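Next come two complexes, and both contain chain A; in the first it sits with chain B, in the second with chain C.
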Partner chain A sequence: MYVSVKGGEAAIDNAHRLLADRRRGDRSVPALTLDQITEQLALGVDRVMSEGSLYDRRLAALAIKQARGDLIEAIFLVRAYRTTLPRFGFAEPVDTGAMLVERRISACYKDLPGGQLLGPTFDYTHRLLDEELEVDARIEPGRMREGASEPVTRIVDILGGEGLIEEEPGTNGEEPGDINQTPLEFPLSRAMRLQSLARGDEGFLLALGYSTQRGYARSHPFAGEIRIGEVEIEVYLPELGFAVPVGRVQLTECQMVNQFKGSAKLPPQFTRGYGLVFGQSERKAMAMALCDRALRAEELGEDIVAPAQDQEFVISHCDNVQATGFVEHLKLPHYVDFQAELGLVRTMRAEFERANGVFQQAQAESAIEKKEAAE
Partner chain B sequence: MSIETERAARRNRMSVLARCETSRLQGLWSKLGLDPTYKLLRGPEYGLVMLRGRTGGTGEPFNIGEATVTRASVKLDDGSVGHAMALGRDDMKARLCAIVDALCQDTRTAVLIDAEMIAPIKSELDGADERRRQETAATRVDFFTMVRGED
Partner chain C sequence: MTAHPQTSGYNFAYLDEQTKRMIRRAILKAIAIPGYQVPFASREMPMPYGWGTGGVQVTAAILGPRDVLKVIDQGADDTTNAVSIRKFFERVAGVETTTRTADATIIQTRHRIPEAPLREGQVLVYQVPIPEPLRFLEPRETETRKMHALEEYGLMHVKLYEDIARNGHIATTYAYPVKIEGRYVMDPSPTPKFDNPKMHMSEALQLFGAGREKRIYALPPYTDVVSLDFEDHPFEVQRFDRPCALCGAEQVYLDEVVLDDRGGRMFVCSDTDHCESRQAQGLRGELSGEAAQ
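Coming up: the complex of A and B.
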C-alpha cells in the first residue's frame, strides 16, 4: 500500500525565495551581468558548455548566475534546457586542421611548421595571487606581431608522413551513434565513447587520466599537440541542397601520442588518444585523450587491468548530471524505507539479545560448574 | 553565372551574415533602404544542431555535443524564397538573413547587397581574424641555443 503524505509547500516556496535572496546577496553590490560572466569568467562558461553538451555562451552564463557559481548545478540547468529544443539536424564534421589557431603547442617537436604558439595560457605563470586584480586596473591589450603566418601543420600529419603513427580509419559512411538517442549498450563504439567523454566530468576524467600515468594502464603518453581556436560550422540544408556555414565555435583539441603497437601485418608505430571539447579547456581535452587511449585497450590487444580501461566503469560514471542525480537523491524523503529498516534492525537486535541472553546464561552456568569442579 | 559560382556566392554571403553581430547587420540594412514585403514560411525558431568532430581529427565522425541555432525561411512578394540558419538564439538575425538571402536571388539587388552590406562586414571580420592571428603570433616561441664548450 502507498500512502502519500503532503506538506512542505509553504516551506519550499519560502526556501526558493530565500535562495533568490542569497543568490543576489548584498544589494549594495552591483548585480553580475551575463556579459561580465561570458567575458570575465570565460573558462567557467566553457566548462558548462562542454559538460552541459550545449554550445551557447549566453545560456551557460545564465546558468552559472542562476546556480550561484555551482558549475555542476549550472551544467544540470543547461542539460535540462536542451531537452526543450527540437533537433534540426547535424553539422558536417569540423575540420580542426583549418582552425583559426589561438594556441598550439607540441611536446614532441621543438621546431614544427607553424611553431609553438603559447596563446593566452596559465602555463609559466608563478601561481602567485595578483593583488592588482582586486581593483579594476587598466589592462594593456595583447602585443601583435606582423608578418605572414605559416600554416599550422598537425603533428599527426608529420608523424603520419613517415608512417610512424597509426592511421585513423576513414569514414565507412555509417552514422555515428548518438548517446542522446540510443540506450547505452556495452561495448560502445569509439565514436560513442568519445561523445560520452566529451561531456564527461572534468574532475573524474582528470583523475582517471592521472591514474593511467601512475601505472594503472600505463600508455606512455606525449602531448603530441594541443590546439585551441575557432572552427567553422556547416550544416546541410535540404531546402538548399548544400551545406551552409552557420558561424564558428571555439574548440580545444588534444592529440596524445602513445607508445607503440605493431602486429604481424603492421610494423611498430605510435598509437593515439584523442580529445576534443567545447571552448578553451585543455586540461579536459588532455584527460579525455588519455581516457580515450586507455579505453582502446581491447582494440589494441592489451590486458584490461585498470579502471580507466573499463568502458562500463568509465562511461557509466563520467556523467556528472547522472552522478549528482543519484548521489543527491539520497536527500529525498526515504521515511517509509527507513521505517522498514528500523523495524528490521529492531527485530535483529531482539534476536541477538535473546540469543546472547541464552549464551550468557549458559556461560554463567558453565563457569559455576567449573568453579564447583575446581573446588 | 554558373550554378557553382552562384552557390559559392550564396554560401559566402550566408557565412558572413551568420558571423555578424545583429546590431551591425541592422545598421547596414537600414542604410540600404530596402523594405520588401515578405511572408514567413518558417520560424524564426530556435533548435539544436549536433556538432561533429572526427576521431584523431581526420577519422570517422563522432558527436561532440549540440549547439543552439535559429533558422528562418521567408518568401518575398515576387516569389523568391530565402533561408537562414545561424548559431545562437536570435530571431531578428535569422529573419534578416533570410530576407537578405531572398533578395539576393535577384542579381541586381545581390550586387548592391554584396557591395553595401557583405563587403564591409567581411572586411571587419577578416580584420578581427588578422588581429587575432597577430596577437597569437606574438606568443610564438623563438628558440635560441646557447653554445657551450669549444668543439
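Coming up: the complex of A and C.
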C-alpha cells in the first residue's frame, strides 16, 4: 500500500512522454510549422512576446507550439529562456512619434495631422463565424496607401502645444530601473510600475481597467490615441559617442487622456495614462494605460479608494507567471501540513463535542429543576 | 550516492556567475542579520514560481562541484517535486546526489526538517512560499517592513492570544512563527511546528529562499530560535499516539496513509530516509511485514 507512493521518477518520465504524444495529436494531421503560427496566429504570438518580455516571433511561436496553445505556459517558457540571456544595456527611449504607423486612431479629434487610420482591426467586423475560413480560400492582398505619408503627430504633442496636458518628465539621462535586476520594493517609481504592467497579465489588467470605468477609481478617460506600427531601437555606444540603430520592433502604444480638476499643487489639466506593449495588442495597451493612470493617484493627490489604485495590490498580482505558479503549486503534496491540520481539527471537534455535551446536560438539568420548581 | 555528467550548454548549476554573486551577497547579508528578510533580484527559473524557485536559486548559488545534494519534499526523497529538483541539479550541475541525510552537504527541503540532527558543515535550504510572518495580519509589504524595523510584533501576539481565547490553545499547526536571537519574528516556512525545536541551536547553516516574493533569510549555526508563546500557554509540538508502523520510531512526525474506504489508516515516518535507515538496522513496526511486499 505505502509502497505505491514511491516511483516518482518513472511517473514523471511517463507523464512527459504522454504529454509529447498528446501535443502531437493525430499523426495523420500535418504538424504545425512555426511559420504557420507566426503568420496565422500572430496576435497570440504578440501576446507571448509581450508578456514573455522577449521580442522574438520565432521563439514565441515555438513556445506556443510546445505549450499546446496554452499562452500562459508559452509566456512562462519564453521568460525562463530570456532569464538566461546576457544583458547588454538599455536602449534609448523609442520615438513613437516617428513610428511607421499601420493603425492610428484618436477618440478625441475627428481629424488630426496624420489622419485616422483604421488598419487591420476587428473593430467594425460583425462577429459572425466565417465558414469560408474552414478552407484555404483565396484572400485579396491588403491595399496600401500610395505616395509619401504625412507625419503622424502624437495627440499628446497637440494638447501639450496648448499646455492643456501635463508635461511628461524626461529621463535626464539616468539609467532607468530594471525589474529583472532589482527586487521589487514598494513604493515603486512610475518607470518600474510601467515595466511591470507591460509584462502584466492581459486579463488581470483588463479587469482592473474595467473596474476603474465602473466607478472603482474613475478617471474619466478618453482614448487620446492608439497607434500600432514599427519603431527603430537605438542603443547609445559610448565608444562611438552616438546612438546606433540595432533593429525594429512592432509596438502598440496607447495614450489615455484623463480629466483632472486640479489640486492644491497642480492646475486643472489633462493627465496621462500610458500603455506600451510589443506587437499588436490594443486591448492590453488600453488596459495598461487605465491602470497606469489609476496607480498615479498618490502622485496626483487623489484619494486611494479602489484596488486599481493600490500599487502593492496591482503590481504584486499582475504577473501571470508568478500567479499561475503559486496557484498551481497547490497541486504539490502538502501531506505534512494537512496532517498537522487534521490533528488540530480532530482535537477541536473533540473539545466542541465535550463542551456541547456539557451544555446539553446542563440544559436538561435546568429543565428538570424548572419542572420541579413549578410542581 | 550517484554522480552525474553535467548537461552542456548551461553554466554550472544553471545560473550565470553574476547572478550567483548577487544571490551570495544576499545570503551573506541574511547570515549577518539572522531572521531578517533580504530582498534579492530573484530570477525566472525553468520551474514554476511556488514550486521551489527560491530554494533552487539559493542551492544553485552555494553549490560546488564537490557537494553532495539531497532534496526532500514532505520529508521524502521520492515525492514528485523532490525528484524533479534533484534531477534538475543532476543535469545542470552534475553533482552527486544522495537520499541519506548524513551523507549530504546540502539538503534542499520543502515542509520538513530531517529527523536526524544535522551537523556542522551541512546546509539546509528551505523553499519558502510566503516569507513574511506578518503577511496574513497585514497584507502590505510597506507596513510589515516598518513593523519589523520597529520590532512592532504586538499584532502577532494578539493573534495568538485570540486563538487561545477562542479555542483554548494556539490554532497554528504549521508555519508557526519564531523569534530569532530575541529580535526578528520569522516564518519558518510551512514546516509543521513539530520541527520548530530542531531549528534552535542547529549545528547546520539554515538558508531560506522565497523566489516569487524575492526574499532570502538565514539562520547561522547555533542561532537562538524561540517559538512564540505565553508563560501560561507554553509552546507545544504535535504528538502522535502511536509509533511508525514500518520502523517503530517514536517522537517523529508521521504521515497518515489511508488504507481503505472503511476508515483503515496507518501512520508512517514522513522522513523516508530516517525510516529506511531504522529498518536497515532491523527495527520494525507493527505493519512492516505487510508493507514490505
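FYI, the second predicted complex is superposed on the first by the 348 of 375 C-alpha atoms of A that agree within 3 Å, B and C clash if a C-alpha of one lies under 4 Å from a C-alpha of the other, contacts with A are read in each partner's own complex, and residues count from 1 in each chain.
We adopt the following convention: a contact is a pair of C-beta atoms (placed from the backbone, for glycine too) under 8 Å apart; a residue touches a chain by one contact, two chains touch by 3 or more.
What you see is a predicted model, and the numbers here were worked out from it, not measured in a lab.
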- Message: Looking at A:D111, would you say it contacts chain B, chain C, both, or neither? Reply first, second, both or neither.
- Response: first
- Message: On the A-aligned overlay, A:V48 touches which partner chain: chain B = first, chain C = second, or both, or neither?
- Response: neither
- Message: Under the stated touch criterion, which partner chain does A:A11 make contact with: chain B (first), chain C (second), both, or neither?
- Response: second
- Task: State whether chain B or chain C is in contact with more residues of chain A in the superposed arrangement.
- Result: B
- Which partner does A:L62 contact after superposing on A: first (chain B), second (chain C), both, neither? neither
- Using the superposition on chain A described above, determine whether A:R82 touches chain B (first), chain C (second), both, or neither. both
- chain B versus chain C as contact partner of A:V321, first or second or both or neither: second
- Could you look at A:G343 and tell me whether it touches chain B, chain C, both or neither (first, second, both, neither)? second
- For chain A, which residues lie in the overlap of the chain B contacts and the chain C contacts? 82, 86, 180
- Item | Residues of chain A that touch chain C when the two form their complex | 1-3, 5-9, 11-12, 76, 79-80, 82-84, 86, 180-187, 312, 316, 321-322, 324-329, 332-337, 339-344, 347-348, 351
- Sites on chain C touched by chain A in the complex: 10, 16, 39-46, 48-51, 53, 73-76, 78-84, 87, 110-112, 129, 139-142, 167-169, 171, 173-174, 190-194, 212, 214-215, 238, 246, 253-257, 259, 266, 268, 270, 290-291, 293
- Over in the complex, which chain A residues touch chain B? Could you list them? 49-50, 53-56, 58-59, 82, 85-94, 96-97, 100-103, 110-111, 115-120, 142-147, 149, 154, 156, 168-172, 176, 178-180, 190-192, 194-195, 198-199, 232-233, 235, 237, 239-240, 242, 244-249, 251, 253, 255, 272, 274, 276-278
- Item | Residue ranges of chain B in contact with chain A within the complex | 7, 10-11, 14-15, 18-19, 45-69, 71, 73, 83, 85-89, 129, 131-141, 143
